[in-house]
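Each of the next two complexes has chain A plus one other chain: chain B in the first, chain C in the second.
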Partner chain A sequence: MRVRKAGGTGPEGTGRAAAERDGRTASSRAPLLEVRDLAVEFRTAEGTVRAVDGLSYRVDAGRTLAVVGESGSGKSVSSLAVMGLLPDGARVSRGQVLLAGEDLLTLSRREHRDRCGDRVAMVFQDALAALNPVHTVGYQLTEALRARRGLSRRDAARRAVELLDLVRVPNARGRVKDHPHQFSGGMRQRVMIAIALAMDPDVLIADEPTTALDVTVQAQVLRLLAEIQAERRMGLVLITHDLGVVAGVADDVTVMYAGRVVERAPVRDTFRAPAHPYTRALLRSIPSAASGGPQGADARRPRLSVIPGRPPSPAALPAGCAFHPRCDLAGDLCRSERPPLTTALTTQPHDDASSYPRASACHFAAEVLASHDVPAAASGRPRPTGRRDARETEEPTDA
Partner chain B sequence: MPEPVLEVRQLVRHFPVRRGLLRRTVATVKAVDGVSFTLAAGRTLGLVGESGSGKSTLARMLAGIERPTAGQVLVHGEDVARLSRAGRKRLRRDVQMVFQDPYTSLNPRMSVGEIVGEPFAIHRITPAGGRRAAVGELLELVGLEPGHASRYPHQFSGGQRQRIGIARALALRPGILVCDEPVSALDVSVQGQVVNLLQDLQEELGLSYLFVAHDLGVVRHIAHEVAVMYLGHVVEHGPSGDVYDDARHPYTRALLSAAPVPDPAVRFAPAGDAGRGDGAITLEGEPPSPTNPPAGCVFHTRCPLARALGSEAADGALAGETAVLTGERPGGGHHVPERCARTAPVLEPRAACHFARSVPAAVKVES
Partner chain C sequence: MGRYVTRRVLQAVGTLLLVMFLLHLLTTVAIQLNGNPAQAFFGDKVASPAQLAAVEQRFGLDDPCFDRVGDPCLGPFAERLGQYARGDFGTNLRGREVSDIVAAAAPNTLRLFCVVLITWLTLGMVLGSVAARRRGSAGDHGIRLTSVLIDAFPVFVLLIVYRYVVAVPLHRWAEETFGEDSWPPYWFKPSFDPDHPWATVVVPGILLGLAGSAAFIRLVRAGQLESYQGDHVRTARSKGLAERHVVVHHVVRNSSVPVVTAVGLTFAEALGGAVITEGLMNIYGMGGVLWEAVRNDDVGLVLGIVTLLAAVTVVVMIVVDVAYAVLDPRIRYE
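After this line comes the complex of A and B, so read on.
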């Protein structure tokens, strides 16, 4: 069978834009986007809840950073904070968001959004909800260009077709007049990406961009994102819960748990040897499509490796390390003292050595790293887990 | 081979699309279009496919929620359609369903005890020892506490709610559970707990599962056999190890190579890069509409194998095959072998593909 790959080149103009951007980053040498010690609080009926607590990351030109976490880990809220789009009742209580060296959080809300509008764009999970159902996609594609760059209607119309071509929507010229509901899920997500690219951003933040899509369509969209990013040397922040997607596209990874960073590293390091028990357990719990499964007809089949219990509510975080009630390494220290994010981890040097030093927030990070359990092969491991474990550790929400 | 507990013969479900004042039928959605399989006692059949493939409609027909347009569903050899109303109700006790969304499939105004005990009320059964004791036992069976019966669904997490849904499905001691995406709505760290619970229950109670999911990893882990659906048809069906390690249908191949693998060596690379190795296939476009599925093999419009063989046939390089033009738009098509465009392939022995023998040996992704 012949291998088919999405082909084609982008429209003219992207080469120039990429060259300009290279010049810009080379002269300043600052990361495109840097988040430092960000904390976000929500005011609720039960008091103030800290959804994000001390998130730091950086994105460089041409690199992809994955921010990984389960629901409630704070990964989506943090990107809203970066964009200045936090809902009412939420506020940034600490930290900096540096866009090419300028702290966006010191600006007014309006200025913050203006800066982002020019240079940082966002793609959301649910394209149907994010797009306006009463306007054509052509209108939505160029709304920003007309408002901010003062494009004429004719230029805007031409640009809209170029943008749809860029994301490989077939028959772009005919489709700019269509409304969002006339597109399939995958095509809608492409339209969202095209809208995000309209202003030629330096950084693209994609929040679960393929979660709602089927796997074959997901593969197309991820490939498209990788292509566009390589052409334009954009920084890409990919927010996801799917470690398969992370492995497939990201260069660096930041793992969040209960609002905090538990591990950060170049992707290859994390997958080869995770430095936090949570990351390790998460990797082990992924059932593999490449191996495993029922062997003999009647033999007792292997069980999935699981993390007992469930993520804590941000309103009632455990003392010490937030992961300790679910951790197989937890000791007394973990119950009382919160481990700092330590960078003093030695890793094997390799060609992909980035400016992303490894760090882990675990008292036993060195032991975890040294145990070097290859997680990829661990999916079929029989473990004495199951419902009895769950009963011991899972408590009703209000218990 | 153990005795089949469930058998499906040429099952069809078409939905009419009605328009206008007179509600005239203007088109038909062929959601399930001639599916046959058997499910053996104590075994799991995994059903995979993308949205619109008909897998959920099929599951709903088996659970008795949806009536088939044509074809037969046999439970323990009895044709469900031929039974009286009372007979159907009795048979339905033996086939229960676990739903995808643990948030909408439990009534928020009912206590957990009422939810899990409701099947007894519907079927007017008083379990031995009373309903309350039976509910307590069921909750224990799925890893909850009997004391939780007085609580309400909102007091539980997603994983716990799914356990409640499983307890309800088990109340009438069914032999067959139809699970429609039972773990898709759950966080990864909780998914495994529910999958393990289902496996424990299968071994303890000898249950048979029809396990519908889009996550290929979960299905490989739990299923003995796998059926792959595309546009209302089963295109490949076999023991799961065989299907996963040596897929014979080009669509199965494409599906497997599109699944993200937790290994940074396997990348979704831009075009031109080596990327995901020689075995990677990226399908172009999206599945055609089930209102107007392609003639012949339903996959031929997107099939990379048909395309490759079609251009060979067009050059006269493929003995005995003529090529025809195909494509979504008239004029802008490509060549495929005439057989693919004209004749529907049969599922024989494992893959419904005229050229299953031409599918090259599997390229294993090394991890």
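After this line comes the complex of A and C, so read on.
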């Protein structure tokens, strides 16, 4: 492991090592959160199953990275691994999780969670299950502040109201004594976000934060996340299966399939011209609102398509490229040889120097890129329910 | 909350009335089929018709409905309810007030149950928590084996072994070691001593509690295992809280609802178990009194005590329900 050797030499050294590996200039500092070559294994009755295999990503302050994939692609498991919250029977078998240059995986589990509690917070998917039903919202908001930072009861009560105000829960003062079941779905997710913000984290990992919500509420919650992230200059890792969500809020996108990264790019490039057939298929399966654009979305967009077949079980991955059974471009090479994630794909220079160079794990990446299947006119805003639309939505009182 | 409690109390009163009526029906049928319990008053002696009639009148058995099989005897039932309402629970066959007997016997039963409850909670919470925390480990399997063993031993076997095999040598040893006037000899006294009601009730209470604790251990284990897998525990861990804090506030606290319910149910169930324990250890308690009353065909006393036990059970259930609502805030609004 060439990279790991450099990992011990402090932030400067790790930053350089990362830069070398990504083929970038050596001037960049250690990113806020960097995941390198992460692999997670589950012990099951049928043997060891690899749920995540070689995931790498980085998030810098003030930037949003979307990790996109279907259920079972390993996106949630990888974030649990970052937080040190893997369930029994799962373990990290390879890789590093660097928080400002410090490898969290070399720490004891207790220290790992301690660091994460201070600097990395997580917003979970199903707020009803993720909040404790028997404690008040106020208690759960300030639990860590009281237990770990020794806040007094009075200061904690004041802080709880501030946090609820921050996520715009109406009548915050009156609601801190309520229990989670007394909140509506959208409000509950706001409470979840407020809990994550309580310790003032540097990085926020949001695991499908809007999946359980109505579409209109989804937009509000996403907007709130994006605003808070921008205000506090946090790094945000947004885990989602919905590319439409990504378009509105993310800067960079990492697409996962069957535990591996298949494409990595700045979000605009991905939408302009995806470099992997899976990403392209995902983009085609996003429904567009009928009154989406001035010319009408339907005229420009081919018929809504589905990806044939199902994602493979991690226990029985196909040989070669894991996506080949569902891919319309698959050839003999795809069936026998797994394509590596290659980084030299950039066709047009983009203005944002800190974002990723494009990478795709496809033998035919150049062909996919060249095909320009998604019309250029739709680039950057393939689905009108993104950030732009959310801004215009008046927020109804959700009580 | 107030409305919730009111509703539960009304339900409880209804339940109690139903229990009393069923009891009445059962005893009525028993009298109608088996003949006059007034005979029991005279034991082996043969009573004259006049004496028998006097006894029948005294115990309210002179109503002609007791001679007609199938008659529900509503008249005497209403009469008894009226007496209960005035605080008159009747007398036993020897003319002693049932309320006096209960006043003497109930404190001993309560002492026994205090010990039993402490044993349950201690064993159940400690062993159940350890088993859940280290599930699949040798400790978990050991605890499961122990609880199965406890289950396989009926209470009376434990008590008989204790009383006839263990207690006497232990008692002698304690007397020799600590002196006759010290506490330890009383702990191991093989039978109840009214002058030292607490000391002589400890070991029988622990044994009775031990017998009930097996189900309790498994319940605590199952409840906590479920909590450990809950998403809210993962959320708590993501806050970087110490594991002890997570276990106390998110695992044990959340699994306390079924535990409290089980305490209530097992408590009510243990009223039956106490009959054996009190009988074997000569404890003058409710179980022992009930046992004697049944053996002596003392209908008035049986009715009085069973009614009282039913009332206690119903009250315990209300307390459990209210505790449930306090522990789980979702309950109140359903």
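Rule of thumb we're sticking to: the second predicted complex is superposed on the first by the 329 of 399 C-alpha atoms of A that agree within 3 Å, B and C clash if a C-alpha of one lies under 4 Å from a C-alpha of the other, contacts with A are read in each partner's own complex, and residues count from 1 in each chain.
Here is the rule we go by: a contact is a pair of C-beta atoms (placed from the backbone, for glycine too) under 8 Å apart; a residue touches a chain by one contact, two chains touch by 3 or more.
Not measured: the values here are computed from a predicted model.
J.: So, does A:Glu143 touch the first partner chain B, the second partner chain C, both, or neither?
T.: So A:Glu143 only meets chain C here.
J.: For A:Ala121, using the defined touch cut-off, is the partner it touches chain B, chain C, both, or neither? Pick first, second, both or neither.
T.: Touch status of A:Ala121: second partner only.
J.: Of the partners chain B and chain C, which touch A:Ala219 in the superposed model: first, second, both, neither?
T.: A:Ala219: touches chain B, not chain C.
J.: Considering only the touch criterion stated at the top, classify A:Gln189 as touching first (chain B), second (chain C), both, or neither.
T.: Neither partner.
J.: Check the residue A:Ser360 against both partner chains and state whether it touches chain B (first), chain C (second), both, or neither.
T.: Neither partner.
J.: After lining up the shared chain so the two structures overlap, which partner does A:Met199 touch, if you call chain B first and chain C second: first, second, both or neither?
T.: second
J.: On chain A, which partner's contacts cover more residues, chain B's or chain C's?
T.: Higher number of touched chain A residues: B.
J.: For A:Ser76 in the superposed arrangement: first (chain B), second (chain C), both or neither?
T.: Touch partners of A:Ser76: none, neither chain B nor chain C.
J.: Please work out whether A:Leu131 is in contact with chain B alone, chain C alone, both, or neither, and reply first, second, both or neither.
T.: Touch partner of A:Leu131: chain C, not chain B.
J.: Which holds for A:Arg268: it touches chain B only (first), chain C only (second), both, or neither?
T.: First partner only.
J.: Which parts of chain A are touched by chain B and by chain C alike?
T.: None.
J.: With touch defined as at the start, can you tell me which chain A residues reach chain C in the complex?
T.: Going by the criterion above, the answer is residues 80, 83, 85, 87, 110, 113-118, 121-122, 124, 126, 129-135, 143-144, 147-148, 179, 181, 195, 198-199.
J.: Which stretch or stretches of chain C touch chain A in the complex?
T.: The touching residues are 229-232, 234-243, 245, 249-250, 253-254, 257, 327-330, 333.
J.: Okay, in this complex, where on chain A does chain B touch?
T.: 1-8, 70-71, 170, 184-187, 214-220, 222-223, 226-227, 230-231, 241-249, 267-268, 271, 281-283, 285-295, 297, 300-301, 303-308, 310-311, 326, 375-377, 379-380, 385-391, 394, 396-398
J.: Within the complex, which stretch of chain B touches chain A?
T.: 44, 50-51, 141-145, 148, 151, 154-157, 159-160, 163, 187-193, 195-197, 199-200, 203, 214-218, 220-224, 240-241, 244, 250, 253-264, 266-272, 275, 278-286, 304-305, 307-308, 359-360, 364-365, 367
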